[in-house]
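In what follows, a structure is listed as structure tokens, so that the remarks can point back to it.
Note that the chains are named A, B, C and D in the order they appear, and that numbering of residues resets to 1 at the start of each chain.
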Amino acid sequence: MLTKEQIARRIAKEVEHGQYINLGIGIPTLVANYIPAHLDVVLQSENGLLGIGPFPKEADVDPDLINAGKQTITMLPGSAIFDSAQSFAMIRGGHVHLTILGAMEVSEHGDIANWKVPGKMVKGMGGAMDLVASAKHIVVAMQHCSKDGQSKLLPTCSLPLTGIRCVKKIVTDLAVLEIDPAGGFVLLERAPGVSVDEINAKTAGKLIVNGEIPEMTFA
Amino acid sequence: MILKTVKNAEDAVSDISNGAMLMMGGFGLSGIPENCIAALLKKEVQDLTIVSNNAGVDDFGIGLFLQKRMVKKMISSYVGENDEFERQLLSGELEVELVPQGTLAERIRAGGAGIPAFFTPAGVGTEVAMGKEIREFNGKLYLLETGLTADFALVKAWKGDTAGNLIFKGTARNFNPMMATAGKITIAEVEELVPLGSLDPNEIHTPGIYVQRIFQGEKYEKRIEQRTVTTG
Amino acid sequence: MLTKEQIARRIAKEVEHGQYINLGIGIPTLVANYIPAHLDVVLQSENGLLGIGPFPKEADVDPDLINAGKQTITMLPGSAIFDSAQSFAMIRGGHVHLTILGAMEVSEHGDIANWKVPGKMVKGMGGAMDLVASAKHIVVAMQHCSKDGQSKLLPTCSLPLTGIRCVKKIVTDLAVLEIDPAGGFVLLERAPGVSVDEINAKTAGKLIVNGEIPEMTFA
Amino acid sequence: MILKTVKNAEDAVSDISNGAMLMMGGFGLSGIPENCIAALLKKEVQDLTIVSNNAGVDDFGIGLFLQKRMVKKMISSYVGENDEFERQLLSGELEVELVPQGTLAERIRAGGAGIPAFFTPAGVGTEVAMGKEIREFNGKLYLLETGLTADFALVKAWKGDTAGNLIFKGTARNFNPMMATAGKITIAEVEELVPLGSLDPNEIHTPGIYVQRIFQGEKYEKRIEQRTVTTG
């Protein structure tokens, strides 16, 4: 079973040179720490910044410079600031190449649910619905099962949806999977020491296993 | 030039009354109109409908309106930082319309730009799509969303001149520029009010045509929600 | 009969304190010269400027600063520059209070034609269709008759339309008229020395004359 | 940062070929991509579809393309400054789609912003409305217009950095920023190419994400169409 940091490290391998990338809150934010230095990429913050830099030193903290998780951040040489309409013009217009976000559930058709649990608190979808409806490539970072052991990779989502048929790839604490256009989770890689059988047992949706499944490596 | 200066926040919000629909700039606590919020708190206006990406925190920003139960309805994309909000929502005291963030930004821009409706892919196949027209363009499905305007837009800028031209700083810009275009009356509060001619016309983010009232805020706390730092 | 300058001077009286105004090419541009100095107004140029200043001195000519008629201009303290989408957001969104433009024909219902003469050259509508579909108050500056004596104030326009039911007021070389919501040109003022009979004879659309019609005065 | 610098105009336009659809910034002759125009003239590409507010004059700007009969179709709002244009139009050599200027600007913005269609009042009741859906909102009629993209957008800025961030000057801004968002490949030529970090992130008009190639133009004539001056 991978730690959150390992999930982030594995996802970092999905990043390609020259990409503009939106990282969601939580594990996705950690991915920034593991993107190989030789790749030139730019991180977009949907509240209005291209070129997210590292967290500031105490003396450089600026309340007018935060990311979508409301954390204080810095800019980089070549950064650009813009308003929220422009930010989502970028996202909706397909100018952001890669979106990495968390999920509560993913279906075998690539549907995703991550914004609402009926009966519990509704926090809102923020920018997630725009991101999943628009990005060319969507990678989900999530735990394979809930804390009480229920699979979060389902035939169909039980929670209110964030978007339909949009997820391309999923990295969990157990596996890397991609969505088959015809439906199903195609198993691509196993976490070190995790068996195909275990993944199969913990995947409620249709799991597609083609040949030998390698163990994953990390960025 | 047409001059827009008013004395202070109290004067600026003097005609905002019960039942008004307000747009309020800001993302989290960054770029919120702190002085207008304080002035409205003093007035204790009721039954407000507020369009704001977030709802503040319990003891700052729009959260203070919620404490005083001044809000009838929130139109927001994310409201998850506020216990009092949760209580009022669950008890039915507060009505909430959740809108995807990009759709919210575009609806406000459209409202200010005289675009009554537009198609967007966000929310197709979700409960956001309920009751909305769905249409296919180039093999992809889109929802019809409508433009949004408000009685008043309360925005916060870094600098502004007496003609209402505004310049924002950093990610405190966020929803402020499009909200400025969508208020029937737009009230801008600025950290620094400068004379005509002080701002480079090429660097203005919000042209003064959109702003009806402007004043320099008395003070800015600019509270930080998540202070994250690196050491060394 | 008024000169072009007199038409512009009469239209200048329509201007109110605090207005943002778009002036079309030709006579409307001249209106700027006659706006009373005690009125604070701002002129919008649809190619991206609020706060049009006077023409530049020879030494100050800047190819990067032109009006919608492609003439070199200057800015004023408090001017703002923006792009074409923002410019028409202002216009379409009703933020510009007054539009003054020329016309080839106006109908008694307030339709306007000013962009195309079939069989002759088609120059295009430029921003005129956006302006007439959006402005709260539209004043037309035009000659009452064409060069061959045909009335340009018609029951219905014969030329391709620019907009429908949008013109509020018309200032010609002979008269000031407003459009009756039920249809018809309501005669408000006569040019000095021009009789109601002459205006009637030269107005092909329905002319509405209520009581004594005063001679016009100028700003 | 992702660097976008190419050597010169020739390199920038090297893959623009016959039949391409191009957006070209500028209003009149102000803010036009002079160096890209010169490079395309050398290539003599044919059958271009060009989206540009105007069509240049006989001997400058897009007028030069018309002289060489490189253009199949123009999508513009106003084309009235060009005799060769008139000749080709009347002889049927040139196809022209006239679009109201505000609709053109908004269609390009929409194309870049992933909005496939929107409603606008411009053109209701005119021949522009022919074949288009008309719908009433709040008692007023609107046309449905579609977003517009192009194979290439050629834009001209005042300053740009190697990441493709652009700053425009004066009314030479015009259509350039929205066209930059709507090109599958956007080529920016600038009067001054500056190193990363030279531009204030708050003052950038076009973020680099929209720009795939950038270079400093060799020279700029910046011809003036109507030189109007005051004396004394």
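Points worth noting:
Just so it is clear, a contact is a pair of C-beta atoms (placed from the backbone, for glycine too) under 8 Å apart; a residue touches a chain by one contact, two chains touch by 3 or more.
Since the structure is predicted, the reported quantities are computational estimates derived from the model, not experimental observations.
The most distant chain from chain B is C, comparing centres defined as mean Cα coordinates.
Taking each chain's centre as the average of its CA atoms, chain A and chain D sit 36 Å apart. Computed centre separation for the pair chain B/chain D is 33 angstrom, with centres defined by C-alpha atoms.
Chain C has its Cα centroid 55 Å from the Cα centroid of chain A.
Across the assembly, chain C contributes residues 49, 81-82, 88-89, 91-92, 134 that each touch 2 or more other chains. Taken residue by residue, chain B touches two or more other chains at 106, 109, 113-115, 120-121, 168-170, 173, 202, whereas all remaining positions touch fewer. Shown here, the protein chains touch in an arrangement that is not a line, ring, star or fully connected set. Under the contact rule stated at the top, the pairs of chains that touch are A-B, A-D, B-C, B-D, C-D. Of all the residues in chain A, the ones that touch chain D in their complex are 18-20, 40-42, 44, 49-51, 75-82, 86, 88-96, 134. Contacts from chain D toward chain B in the complex involve residues 106, 110, 113-121, 135, 137-138, 140, 142, 146, 167-170, 173, 202-203.
Only residues 45-49, 54-58, 61-67, 69-73, 81-85, 87-89, 91-92, 111, 121-130, 133-134, 160-165 of chain A touch chain B when the two sit together in their complex.
Chain D contributes residues 1-3, 109, 111-115, 161-163, 165, 181, 195-197, 201-202, 204, 207-210 to its touches with chain A in the complex.
Remark: chain D residues 27-31, 53, 76-81, 86, 89, 96, 98, 100-106, 108-109, 120-128, 158, 168-178, 205, 222-231 touch chain C in the complex.
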